[in-house]
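Note that chain A is present in both complexes that follow, paired respectively with chain B and with chain C.
And then the complex of A and B:
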């Protein structure tokens, strides 16, 4: 018994606490502190949700691809889960990016969707690719083959993303209307706006890390329960 | 290299004797072009519009799908996979042979499809610039064949393969078609796209290089025992 010793908080608890604090701070800054944009007015505040969500999506897809490469290299089953979970979360965050982007587009440009815009089109291609990833994953029986196929397809995405960016930019040049927030000279916005953006980004990343750790733990428990059930059935037989 | 040549010979001989794929692809191209022609209510696209070029590339992609869905079908149906995997050959040779065979089938189909396309849609327009059009089609076919061989290898060992392969392949065809349409617009239509042929063909070559390298490196993980 070690009742007097306090258990150390695990990673998910720390991440969840950080996410809650940062999210509260971000919401307070977005709605009560940051100045209203002169051009777009109050609706520009959706920028503090849309862009951090989009960047979190790319981070999740990147993390999933890194773990896919690591799986093919080391063949550890845990790396397959570490590749799948960020992809799953990436699709959720990607859906939110498309929804918030459409709302912003409708307010700013008067259209829910604009095919001439490079970033929108590229993001949709990438989103479609990751939807196909799930179709593949759930078409194969769980096991080594499923893990290998998922990893191979995820790595093909690493080739597709730069090609989509270049291809759409090459083909649709001169039609760019997406606001350029960051360029080679740095952030193209007021200091308070940039600070709010950074806090919102940190909050979104912390939320993603929390969801990643919780889902990973859930999947591991699920695997163990399946194993115990299988062993129990074998024992009964 | 010997394994590659032997496997390619096997794929071509199977097609030559069975005549399963190329006739079906030719019939599909004819049907698809007629469908588009009638689907437009008989309106001619002569004079050349971007839409005409887009239609050509949509037909090219869907014809490719037909070739890819049947890729590795003999291996699966006649139990050739086990023999191939047991053979002491580089797995990448299987991928390269299948990609080459698919490329040849696509080129043969397009040799028929292009004159048909001109006949159906462009008679009254300007004559196409054949070198650029041929280079774009060849580069696009190469990319489709190399990437398709990898994806078809995966799909061939999955239950819902006929449904799954188009779903896996279509996201990859989007950047290809986006640029290919632009680069061929100038060769067919009177509306300039503003994209130089070298830039467009360069992108298609980059696409081929990336997916060629990925296909070559990753195929061994797709056909594990």
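And then the complex of A and C:
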């Protein structure tokens, strides 16, 4: 009785549903529930999108690096794709982090960019490093060599992430301009603000998971179509 | 009293996130369109083959 059996929702559908629900909840909390920050005022609400986007960027680069390591270990072509897709999404989220950060900087500091800030500069270095990943990847012919080069590069890049975090802590001792939200004492904010931040972070991660699964499926279908096309053309010749 | 510039900045950040998501969906849609065209081409090749056979 295959006809009566309902198909189970796939991972992307589950993630998209979770993202839609969490994003709606996050927006309701940000604009209707959480109090306005005393120091920064209304503009502090940028924090609930900007920081989760930045953390999602790091997560995507980290996930890409884990799959790169798995590729180098197992040499399965599917792991190369699972490493490439998070890198691509990480650059999209990274661009958004830089732009939203610049808007926040403009209203808080009166400048779109501040070169003296360690966190901004290290994030830009990481972002540019991963932009160069694509130049490397697409300058090599598809195959094992390209996958290996990409995997090694992805692993090298992920080492820059802890450097960025340490850089901020070092800057904290000197002249600090970038706000430090989390330190050794925990979250430096009100409980309602922290809860809103967690919901926004979960929403952003769910959105990233959805995009990852959809893009991965698209790439797999693309590969299969290329294979079928080649077989069809070979058969016709 | 809410600062108007702050409201505009917050709206810009949240609006931008939505625009990026929509652009991403549009790019995916164009890729799906390309796949659809490739499948049509394969179907033509296979139909020709079955006609020859």
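Here are some notes:
Definition applied: the second predicted complex is superposed on the first by the 220 of 237 C-alpha atoms of A that agree within 3 Å, B and C clash if a C-alpha of one lies under 4 Å from a C-alpha of the other, contacts with A are read in each partner's own complex, and residues count from 1 in each chain.
By our rule, contacts are C-beta pairs under 8 Å (C-beta built on N, C-alpha and C of every residue); 3 or more make two chains touch, one makes a residue touch a chain.
Please read all numbers here as calculations on a predicted model, not as lab measurements.
In the superposition on chain A, contact of A:38 is made with neither chain B nor chain C.
Shared-chain residue A:7: touches no atom of chain B or chain C. Legend: residue contacts after superposition of the two complexes on their common chain; A:140 is shown touching chain B, with no touch to chain C.
Touch criterion met: A:225 reaches chain C, while chain B stays clear of it. Legend: residue contacts after superposition of the two complexes on their common chain; A:100 is shown touching chain C, with no touch to chain B. Of the two partner chains placed by superposition, only chain B is touched by A:151; chain C is not. By the touch criterion defined above, A:132 reaches chain B but does not reach chain C. Chain A has no residue lying at the interface with chain B in one structure and with chain C in the other.
Across the complex, chain C meets chain A through its residues 2-3, 5-7, 9-10, 12-14, 16-17, 20-21, 24, 28, 31-32, 35, 38-39, 41-42, 45-46, 48-49. Here chain A touches chain C in the complex through residues 27, 36, 41-43, 45-46, 49-50, 53, 92, 95-96, 99-100, 103-104, 106-107, 207, 211, 214-215, 218, 221-222, 225-226, 228-229, 232-233, 235-236, going by the rule given at the top.
Those residues of chain A whose C-beta lies close enough to touch chain B in the complex are 72, 121, 125-126, 128-129, 132, 135-136, 139-140, 144-145, 148-149, 151-153, 155-156, 159-160, 162-164, 166-168, 170-174.
Residues of chain B touching chain A in their complex: 147, 150, 154, 157-160, 164, 167-168, 170-172, 174-176, 178-179, 181-182, 194-195, 199-200, 203, 206-207, 210-211, 214, 218, 221-222, 224.
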